[in-house]
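Dropping the structures in below, format is structure tokens.
Shared chain: chain A. Partners: chain B in the first complex, chain C in the second.
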Partner chain A sequence: MAYRWNKNTIENKDIVESREFDQAHNEFVSLINGGMDRENLPIECVGYPEMKKQSFGKAHLSGNVFTPIAYADQDGVYGTGFSNNNTRGNRIVGLRYGQDPINEGDSFFEVATNSFDCQEGMLHIHWKCNAYMPFYYAFWQAYTSNTVARKRYQWKINIDGVTVYDSSAICQSFFTTNIATMIPISAGNHKVSVSLRYPARGDDADNQVLLQYWGGNLFCHNLYR
Partner chain B sequence: MKKVSNLTVVSQKGVYIGIPSSDDSANRLENWKYDAKTTSWSNELGFEKFFSNSNNFAPFQGSTQRKVDSVYVWPAHSGARQSFLYETNGQLFELNGSTETVTLLLSNRNIPTDTGFLQQYSPYGRYLVISNGLDSPIKYRASRGGSDRIFDLGWRNIPGTPTVRTVGQPDGQPRTFIDAASNVINGQIWKASDAFFRGVTGTAVGDKSLYAYRVSFVNEAGSESPLSNPSNEISFTAVSITRGSTTGVPRTGFILNIPIGPAGTIARRIYRTKNDGSIYFFNAQVSENTSSTYSDFLEDVQLGSEAPTTSESISMPSPSCRFTAAFKDCLFIDGGQMDPQRLWYSQPRQPDTYRADNYFDLGTVTGGDITGLMPYYNSLLVFREAAIDLIRGDSLNGFTLTPFIQGVGTRSPNCILPIPNIGISFMSNDGIYLIAGGLDGGSDLKLRKISIGLEEFFDRACIDMFPKAVAAYSSREREAHYYFAIDGSTFNNKGIVFHVDNKTFSERTGFPVQCITTDHDGNFIAGYDLHNTYSGVSPSNPPADTPAKGGLFVLSGRRQAGYVFSGSGLTIKENKPLNSTFRSAWMDMGDLTLKKQVKYVYLSILSRGDTEIQMEAYKDREWANGVTAGTMKQQRPDHPDQPVYDNDLYRWDKVDWQDKLLTRIRFDVANMSCMEFAFEFSTNDACEFIGFQVEYTVDGTKVIGGKK
Partner chain C sequence: MAQVKPKNFYPTNGPTDSAEVNANYTAFQGSLGTGDINQQNVRSEGVDLRQLSNRPIEKYVAQLRNGYLLSIGAVPAVDARYQSFSLSGIKEYPINHDNTGTTNTGVNKGTKLRINGTAGAEFDGDDFISVNWNLNLWANYIHTPMAELVTAIIDSNTKDGGSGATYPYGSGIGEWCFIVYPKYNTVSNALNDSDFKTAEAAGLVTGVYFDPSTLTGTPGLLTYYRGFDAFNWDHTMVVPSVFVSAGTANNSPFLMVNSNGTTIGGSLNGALGGPQMLNGSHHIKVKNNIGSTKLYGVQLYISGFWRMHGNTTGTGSPMNCGMFLEPDICNPSRVNTDGDPIPLYGVDGECGLERIQIDCTVYSTRGA
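Coming up: the complex of A and B.
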């Protein structure tokens, strides 16, 4: 069996010398890299009891992401019947132009974040979310010059502000997005965020609902090297 | 007129206690290790328990555990497998590092006396030979099988006498005549074409047969035991018989009852005389150790070579040997306490087989008993109490015994230590010696003392306790450690360390080393000289902060002096770091008659942080009445302090990596007018120092006249 004991001691009031630290650390690195064989690791010696939680990776989940209540306003155009005698039954709510977070559109706004300590290795990111996009004003008005909104949206995944995944534009009215990526990650704290972009306002009014999303899950799995 | 002068010691050397002593020697150098890269002395040392993650001293806390009498590490698989063997309380244990448990290999062994030799461990091929001079020597085949991997060394008894069953008449009842072949009588068990089973007895009517057998064992080490005593003689006279229409002389074989061998026996060899002969020849080998009979059908012409004589393998000639060594394919063993000047050697590649005349009787009476064996180049060094002899030659051309040196020997077999690229060191009554060179290729074998200046310790040493002295060399630390008893102690209370890179010694105090060895990586593994934490020990609730000991421990870079009791039962806690002391040589600055006014001492150190060094100055060889020369931080003067660990000033959520920087710290020595000057500092904080400079003035004042 290869055994290692303390090569150096770091004590209060001492300077911390990087070289000493590396040498002490290398003791264990060399042990794990080549100092063990079948004598120490017989067949099936490692089972569930021997594996501690998060020995090989760590997962983080931000679940149940939905349109913030503060921005989920009622639609003022769609769903109001002729008699208007049941205004609640078929009205939809969601994000609208002219207010946060879409405002005038065509810029990304943050939808979900996950911030956690990583170890060196790979980071697998998976974003799943349902969304609904009303389709009125979806087309150019025939034989007129009236413009209507271009109805679509786009997701983006960032790590520490750097884009690592751009989805294509999604045009379906009802759609469940499933996007995933895996990238090498360094040790330390990292922030994973998912952003959304809606097109710039065309011929749209403030009171029409543009987008509603719900059931979002941002799953991050840091696989250690 | 005053003149300012300096005395500079660029690189501090080790301990030299004597008059005169060089300025770069140390009068005291306790608990330091030498770093060849920076020529500095560092106190980055201490000792910790073997399993630093375990509670208290587990797994050494069983009720039968006591102080560790001996320890040995036998590495294999490039160090991936290491057999940690240790002996305590008359038991031999193997430490299993994977499961953090101990396995009992042997019990009811003799516990070494305070002045007796410690147990010896000597590798021979795939075996470790273990001997202590009191119990039977054993061979241990390191593999995690526990006690079933232990075998006796040598053949303790000759094999039991085989017996041959009586043969009656053919077709007689009960049936004891075993037909050898079917070429005479049809319907027999053997085929005519089977030449192997020809039959032992004669082919003509009236032919008389008379035979006897001997048996030997072969063990897994390849050794053949002594021959057994001869079996009973079997005689038979051939007769003619008729079976059906066929008449002829049938031949028979003999059935032999053969003995079962001791543990480790893998085969039995059967030897037989020729008809009416007295010389035995190889008959057959039964390559197992379970069957109790053997049927022999061989004719005389089918027998093999002549059997070994009874003198070629005798029963274990030294059943309580103390020292063993492998040399030139043979295992050398001493004669034990009963025959302490006899040296036996085994047959080549057969560590259990000894010829009756394969031994030497050592010559000179004044040399004393054998106290150790150590192979060295082309010779085997035979250490004696007051002499060293050499075994030369080989098993093919014969070994010879020649004296090497008279008057110097050893009583400390555990201090015979090979130091790579330097030679074999050993501890004699008056110091540490080194054997270097060789006798082949024009080289000379030389002996020299390397512990010059350490006579002080050997004058105070307990000679009777020297058999208990222990030593180990670490290729990792490039240090040879020696621990022995001084000042009437009954345990090893003095440690001296030879630093290979500096070729000088330092001292170790506070290390409770009863026995010591090194593992595959050069870590010092030691056994505590006391066990006060085993289950059932009294007192069961020792006072807080008294030393706690038990089992094996490791000399490492952990800056702590082992463990102390916490004050709650037998639970332990870490002890504070060891105290490290440096005391300079007495310096007369070149003229003993001139008065010197020492102003400053500049200590060359590597910056370590905010920890402090306090210096004391002494004059005129008086170690009492020291003058405090101040307390200084180990930071560079005239520079901003380097950030240190665990200080709120530098706690910014990051590590302030630093280099240790060479610097000089000045200590002011006030009003020190003296003939000779020395200084001392002692610390249990981390410190690395290289040398020093003493600044002094001389105004021409000379020593005053002597008293009348």
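Coming up: the complex of A and C.
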């Protein structure tokens, strides 16, 4: 509780020693110079103009995440023209087996990161991303009797390498993942990362496009204690 | 300035001059004027929640439900079935069917969400806007027999459209979807549809946002193409229409069509599943020099069918990727007056939507 100023009352016609003024003032000065608290301040006296930016928390955004072009290859079967059974002439492009970052599959690879200084408190993490999996390879590979696995993928959110969120496996051809979690966070620099896992290769060829993701948005909000 | 430093009379303790005493009171007055109290006056952790006149983190919060609820097996009203560009020639629609399934452009109807009443939301630079929505996809309605729509790539016998066919059968492999995204109104609290823009065009952020309304020229695979790297797709959500191909034969690629909320309905083969509740979000950091721009409202839009495409000529790797807005209908059997085949391998249909919820939160970086 704040100290309340009890004034020294000087009566009429008193002969006052000037130091008594010091004493009368100094109690007030000790309060006003850094001693005020909730008992002194009126209710609802602090509005947005009085709040310093980022005094209650800080947000960070890593936006427009998409499959790196360096890793995006064209599908070897469903390509252009009638000769390979694409009537529309459009090309399917995305990640494939046998090359980075999926390689042989079944291991997580990083798709988005956000590193920043935190204060002690809570950290809210929100990840949203679109993805497309061609399904024409589901169960049977084109023009062959080779069976392949039905495809799926899974997201994971890490903080400093520790998993804080695992999504369920997603099996739809087109899907927007929209997931969030909130955890206690310590002071200091932390790295939030989003990883993706594709199943291990079954009876699949290198020339099949497996996955394309785009429109990723990683929102992190550190709410201070 | 708020620290008070009066002159002390001790240790001199001489005769007190009125000017000296008054100077001290003037110092108090100068330090305690309106708005002069600051962190130098208040002790560490001295402010409690009751002293805050505003929410320190969430500056504005608004939510809206369209209230359209259908019974199992019901078919959505015409206004709740949003057509593909190939059918209607319209690049995007505001999602604005109300609780009766009827188009309603009123404020707080459909998905037209008003923020902070008629006053609108004011910003300081670095504020954050978070928009979240849930959308119940009731059913996809294709206007073409499925066998013509989906290339049976999984069966070599149908590669050429079956015996005697001149051209391959089917428009594609299900690489199409509708896209839903929010647009922002910073123009007026009347919330006219024409005033809703992308976050960039509304002056909230910088960047080049995916926006079907900006497509120009002759519709086509390349002219209506939008790359994932060249445009910002943060705000988009995909609406699936194809589930899975289920066999080697050409007769059972599974699509989610005409399900009308049932698990077995559908007039075509492969109808699968009930409605799907889809959700999306968009988070943006308001630019620093936002000035006096206010956000009056947010509304969802839908555009389709968009199809996957790589835009680099020829084959090889690496290759850019994006999507294009399909302008053609699906009609592989089309012939001219002489009977010559002039097939169209586009995609046409409608996206039937039911209940939708949208909310918008503005986070203050003065607090957040």
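Note that the second predicted complex is superposed on the first by the 169 of 225 C-alpha atoms of A that agree within 3 Å, B and C clash if a C-alpha of one lies under 4 Å from a C-alpha of the other, contacts with A are read in each partner's own complex, and residues count from 1 in each chain.
In the analysis below, a residue touches a chain if its C-beta (ideal position, glycine included) is under 8 Å from a C-beta of that chain, and two chains touch if they have at least 3 such contacts.
Here the structure is a predicted model, which means the values were calculated and not measured.
**Q** With both structures placed on chain A, which of the two partners, chain B or chain C, ends up touching more residues of chain A?
**A** So, of the two partners, C touches more residues of chain A.
**Q** Where does A:F66 make contact in the superposed view: on chain B (first), on chain C (second), on both, or on neither?
**A** The second partner, chain C, only.
**Q** Would you sort A:G202 into first (chain B), second (chain C), both or neither based on which partner it touches?
**A** So A:G202 meets neither chain B nor chain C here.
**Q** On the A-aligned overlay, A:D14 touches which partner chain: chain B = first, chain C = second, or both, or neither?
**A** After superposition on chain A, A:D14 lies in contact with chain B alone.
**Q** Pick one for A:W214: touches chain B only (first), chain C only (second), both, or neither.
**A** second
**Q** Once the structures are superposed on A, label A:D37 by its partner contacts, choosing first (chain B), second (chain C), both or neither.
**A** both
**Q** Let me check the overlay on chain A: which residues of chain A are in contact with chain B and also with chain C?
**A** The overlap between the chain B and chain C interfaces on chain A comprises residues 2, 16-19, 21, 34-37.
**Q** Going by the contact rule at the top, pick out the chain C residues touching chain A in the complex.
**A** 2-6, 8-10, 13-16, 21, 24, 28, 31-32, 37, 40-43, 46-48, 50-54, 56-57, 59, 124, 126, 128, 130, 132, 151, 153-154, 156, 159, 167-168, 170-175, 177, 207, 221, 228-229, 232-248, 278-285, 307-310, 315-321, 324, 332, 343, 345-346, 363-368
**Q** Help me check something: in the complex, which residues belonging to chain A touch chain C?
**A** Touch residues, chain A against chain C: 2, 16-19, 21-22, 25-26, 28-29, 32-38, 41-48, 51-59, 61, 63-64, 66-67, 69-74, 77-80, 82, 85-94, 126, 128, 130, 132, 134-140, 142-143, 145, 150, 171-176, 178, 212, 214-217, 219, 221, 223.
**Q** What does chain A use to touch chain B in their complex?
**A** On the chain A side, the touching residues are 1-19, 21, 24, 34-37, 39-40.
**Q** Considering only the defined contacts, which chain B positions touch chain A in the complex?
**A** Of all residues in chain B, those touching chain A are 44, 46, 48, 50, 52, 77-82, 96-98, 144, 519-521, 523, 554, 556-560, 607-611, 642-647, 655-660, 685-686.
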